[in-house]
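Heads up, there are several structures right after this.
You will see subunit A twice below: alongside subunit B first, and alongside subunit C after that.
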Partner chain A sequence: MKGLELIKKAFALEPVKRVPWVPFVGVHGGFLTGIDAEKYLKSSEEVVKGISKAIEEYNPDGVPVVFDLQIEAEILGCELKWAPHNPPAVVTHPLADGKQLKDLHIPTEFDGRIPEVIKATKLLRKKYPDIALYGLITGPFTLALHLMGTDIFVKLFEDPEAVNEVMDFCTKVGKKMSEYLMEAGCDIIAVVDPMTSQIDPQTFETFVTPFVSKLFSFVREKGKLSSFFVCGHAQQNIETMCNCKPDNVSIDENIPLDFVKEIALSKGISFGGNMKLTVVLLMGNEDDCRENAIDCLDMGGKKGFILAPGCDLPRDTPPENIKAVTKLVHDPYQQEVIRAMDKKETTLEILNMNDYGQADKVIVDVITLDSESCAPCQYMVEAVKRVTPHFEGVVEWREHAIKKMEAVTFMSSLMVKNIPTICIDGKIEFVSQIPPKGDLIAAIQKRINKKLKLKIKSKRSEILILGEDKDETSKLNSKIHRAITELGKDVEVKMISDKKQIANYGVSRGPAVVAVNYKLKSEGTEPSLEVVKEWIKEL
Partner chain B sequence: MSELLLKIADCVEFGKINKASPYPPQMKGQDGADELTRQALDEGVNPQEILTGGLMVGMQKIGVKFRENKVFVPQVLMSAKAMSTAMLHLKPFFLSGEVKQKGTFIIGTVEGDLHDIGKNLVSMMVEGNGWKVVDLGTDVKADQFVAALKENQNAFIGLSALLTTTMVNMEKITKSIKDAVPGAIVAIGGAPVTDDFRKKVGADAYAPDPQGLVEYLNSQLD
Partner chain C sequence: MQKIPFHIISGFLGSGKTTFLKRIIDKYSTETKIGIIQNEFAPANIDGAELKQSGKDFNLLEINNGSVFCVCLLGDFVNSLEKFVNQHHPEIIIIEASGLSDTTSISEIISASTLAEKIYLASNWCIVDAQNFAKVGLMKQRVSHQIRMADIVVINKTDLIETGIKKIREEIKKANPFTEIRETTYCNIDFELGDSAIKKFFFDEVKTLSSPNVNSMVIKSGRKLSRKSLELFLFKWSPKAFRIKGFVNLKEDKTVAIQCTFDSVEIIEMENNFHPTELVAISHRFTLREWNKSLKEFS
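Our next item is the complex of A and B:
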């Protein structure tokens, strides 16, 4: 199904086969094409290049066009400080620096960087008719804060009327911005109001609800969808946010997804988020990203949930990390693997496998999801099955389908990370790729040879001469010594004359000879029960 | 006398700045932190006592409420405003040494980051709990922290960041500080920061809220 359609379904709370995926690419688009944040955000051409690259690499169902909450503020007179790796920061607040509200005007489509945003939107719309385009506007409270500075917080109490006037103005700005973006081709208007995380629900209801509600109903009247983005510790306001009647709320990792899910669904709206931006997406590796994504996918479920990062991706987020999420989203089989591996980490003991694979036979373990339901696993198992008869009983193979707990334990004990994997005598040999017959045979043969060498090396033998009659036993002793010398063997000879000891060997009458073969099985470790069982089987 | 201190504590907790202040509505028309602190000094209450038995008590209470999500930034800023209004009356006693502070805390938003709401909040709370605060502002580089630490021996350092991209600078700054002043204690905080991240960057403490930092700092005394 096309991305836009899928997202519309999720917004409408219809069950979906696959959770839609919306990587919030902001200045990260510039990272993909190798330019800094300032150049990126000032040029529609660069934005189109960056977003196109992101679409190509991340196969998203929707993308934001421009993720920058300073566009309106800049036009309204806030000075910006640009940085190479970040969206710009607002450094001055005109209403705190003597300007009056009446001096400010609602931005037109020709002001500031708005023409670039409109142009980028139109181009992307044309290029990608099936992907949902998110048009972002600065939420009124955040814009008011840009204009007033932190004074706004004390003004809430000391001069509420003034705050209301600024909020009203900022809402008009937002409405105009939404209009420009919808006309240019955006499907979803995202009202991004992170600063609301700093206020309590009552203050929110008093100063924010009346204004943002207008924005959402305006978008609805225009036949488009809306989303309410917030970030930070905004848990207290989720219900209040939902009451403003957006079509969707999107949150970051600071708010538990299950909490948002419960409230949003009870209010009949969809929800999104909340992959961990920094610790996982920016600083983690692909495994971390997959794990985090699967947690979100499972928690969010297939009704009303949109998988997305908590906020715009840090510019230098490793693309491999986002690609790993993309692959996972589109690959239900990989999702199952990650789920099974997740389980292992939380609940399982790790067996001591140091001495695994010391039995006479060579053991080939195939770790699979389940060869009956997973095609690559099936081929892996078949490859092994085909090869083992060549070794005529010397090689034994087993499948460990990790849908079963003990197989998961086994897998993690062997430190296997990918499915399917072939281990030979407990050593990882073939990962993911099915080996050609010749390679597999060679690998097994190599192991057999090695074992044989070890076997020869680790042998130690004794010959015991049992008997009470010294004459008899010494004759035997010299005979045996001669034999050993002639054969050039390293065998120790021991004489046992104590009647009781002789009886222990089941010998009733001397002279008798007992040959003993010693075999070193483990050293310096405590082998696991499974391993000991393997040894005992060959006795 | 202790009743007066309790009233001062209430003013700080509820953000009642002075008599003219309309907030909070339930204290409308009453004396605020400003008038009551003046009154206490006039009545001969020990300024140290006003700080620890009045102002700090109120600050402590609002800090706990903030941590428990009972109040948010606006309310805390009102408390801080009430507190700092009262502190103006106490300033001379700090200078004369009659009122002692617990220690020094140096704070700044790290290099590349211009956000100061969180940093200011922490700064006010720490100050309101009896510490001397050296606020280096925003976009502060490692050597500025080091210079401030050399000027204020044994001070604790706090690094703040709001952005995911600037929080990574905390690692470099922490390292530079510790290289320049071995044994320096660095605490970090800010919206994207977590304790896992603290471990990664090698800082000494992380607190999810200002009160947490205050408690950490107090625990480092004695």
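Our next item is the complex of A and C:
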């Protein structure tokens, strides 16, 4: 199913087969193309390049076009401080510095960076008709804070009327912005209002609800979808946020996902979030990301949930981390593996597999979830089953379904991370993809050849020439050397002339020849008694 | 290399943080190399300028680029802080965190990034303005999550109100039952360079606190534990920790505040909670990874 379609389903609370995935790529798009935040956010061309790259790399169902909550503020007279790794920060607040509200005008589509945003939206719309485009606008409370500075918190109770006037203005700005973005082709309008995390539910209801509700109903009238983004400690406001009737709420790691799920679904609203931005996505490794993603996927469920980072991705987030999440989202089997590993990891014993695969036969291990319930697993097992008879008893295969504990131990010991995987003599050969017959045969044959080579190599031969008479032994020596050369063998020749030593070989009269075959049985480890007995039997 | 103790001083604009910082600088800057971080969501960095005028010797890192209020900006904060540490080698770091900043996330990030090898979270102070706290119900939301994670809450400007201190104390205890509360005027209180919050529990171990293997750890999680498994979890880890504290959401649909030292585990039920499970530990005997894994096992 196409991304946009899938997201629409999730928004409509219809059950989905796969949870939609929306990586919030903002200035991270510039990281992908090697551009700093300022150049990126000022150029539609760079945004299109960055988002295109993100779509290519992360296979998302939806993406934000531009993630910058300072676009409106900049036009309204807030000074910005630009930084290479972050969106800009607002450093001055016109309404706190003497400007009057009546001096401010609603931005037109030609003001500030709006033309760039519109242009980028149009280009991306054309290029990716099937991916949901999120148009972001600054939420009225956050915009009001940009305009008034922290004075707003004092004014909330000292001069509520003034705050309401500013909120009304900011809502009109938001409405206009949504209009521009919807006309340019956005499917979803996200009202991003992180600063509401700073107020309690009563204040929210008094100062925020009446205004944002207008925005959401405006978007609905236009036949588009809406989302309410918040970040920070805003758990107290979730219910109030849902009451503003957005189509979706999106939150960060500061709010437990199950809490949001319960409230949102009870209000008939979809919800999204809340992968950990900094500790996991930016600073963690791929395993951390998969683990966090699986937690979110399991908590969110397949009805009304959209997997997303908690907020705008930090610019320098390692692309491998996001790709790991993408892969997981699209691979139900990998999800099962992580769940299985997660449960059992703590009690897991890791076996020493150094000597695995040293038997005469070649062992093919297929690590599966369970070939009965996992289709790719089944095909992989069948592929192996079909091929092994060609080797007439030289190759043995086994399936290890990780629903059993031993199999998990085995899998971890071989350092297998994906399901299904084929290992040949303990070495990972085919991961996730079913190998064509020819490839599988070739891989097994390669191993057989290698083993044969090792076997030949492990044999060491010596020829001992025993005798006290130098003339006799040297004649014999040159004859033996010639034979070795003609046969192309690797044999060491030793001369023994000491009477005592000669006697040790049970030789009473020289010259005599003893041929010795050695075979290296073990090296660097202490073999068990049973194993040593086996060796002795061969003699 | 010794780890650098990192102290958080939070509180809303005007509560007295800068006054407190000035006192600390006055008292310690001759013998100790102090690094100060300021992040104020204000028109200009007035406080920074004010501090510089004091003429004392300290290094200042100003985070003007937005307030550290959102986790999406913390990555950059880590980079700036790391550069600052490498450049100035402070013996102690104090962050003056604005009223809008999320002190839990700051703690989490310094305990998880590469910074964790150089820094540990030593104490978390929150300054409350008695006059405003009593007056403004609306402000509680913002102050309360800073109070939640504070080791010490300082009620400042007590001279400006005649009554009501008792009520403020109650409110603070409601948000954080284990915090130590101190009352003062003009932020005239002692600040300990080491780890004040731990010293009172753990006299002998204080010396070892800045040893290279001391870790401060923060877990923020959506997972819930049953009361029983929480107890087991805490009994398992508290003997190995200087301190564990925080808030845990229980499967029984309750939230508890917890505080543990090597020989005691205290659990108090909270009235209501709108936060994920948040735990802080300081220990030299386990790592965040081990601790996190164990929490998952018990959840």
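Points to keep in mind about this one:
One rule holds in what follows: the second predicted complex is superposed on the first by the 350 of 539 C-alpha atoms of A that agree within 3 Å, B and C clash if a C-alpha of one lies under 4 Å from a C-alpha of the other, contacts with A are read in each partner's own complex, and residues count from 1 in each chain.
Basically, a residue touches a chain if its C-beta (ideal position, glycine included) is under 8 Å from a C-beta of that chain, and two chains touch if they have at least 3 such contacts.
Please read all numbers here as calculations on a predicted model, not as lab measurements.
Under the clash rule set out above, the superposition-derived model of subunit A with subunit B and subunit C contains a clash between the two partners. By the touch criterion defined above, A:His93 reaches subunit C but does not reach subunit B. In the superposition on chain A, A:Leu257 contacts subunit C only, with no contact to subunit B. Contacts of A:Val507 after superposition: neither subunit B nor subunit C is touched. By the document's definition of touching, neither partner reaches A:Val532: not subunit B, not subunit C.
Of the two partner chains, subunit B and subunit C are each touched by A:Thr150. Contacts of A:Ile448 after superposition: neither subunit B nor subunit C is touched. Applying the stated contact rule after C-alpha superposition, one finds that A:Met495 touches neither subunit B nor subunit C. Judged by the document's definition of touching, subunit A residues 81, 83, 85-86, 89-91, 150, 153, 156-157, 198-200, 203, 231-233, 235-236, 254, 277-279, 282-283, 314-316 lie at the interface with subunit B and also at the interface with subunit C.
Partner subunit A is touched in their complex by these residues of subunit B: 15, 21-24, 69, 71-75, 77-78, 81, 112-117, 120, 163-168, 191-192, 194, 196-197, 200. By the touch criterion stated above, subunit C contacts subunit A in their complex at residues 13, 41-44, 64-66, 69-76, 78-79, 99-100, 102, 104-105, 108-109, 112-114, 136, 138-142, 145, 220, 222-223, 249, 274-277, 293-294, 296-297. Subunit A makes touch with subunit B in their complex at residues 81, 83, 85-86, 89-91, 150, 153-154, 156-158, 198-200, 203, 231-233, 235-236, 254, 277-279, 282-283, 314-316. Across the complex, subunit A meets subunit C through its residues 81, 83, 85-86, 89-93, 96-97, 149-150, 153, 156-157, 194, 198-200, 203, 231-233, 235-236, 252-259, 274, 276-279, 282-283, 295, 299, 310-317, 342, 345-346.
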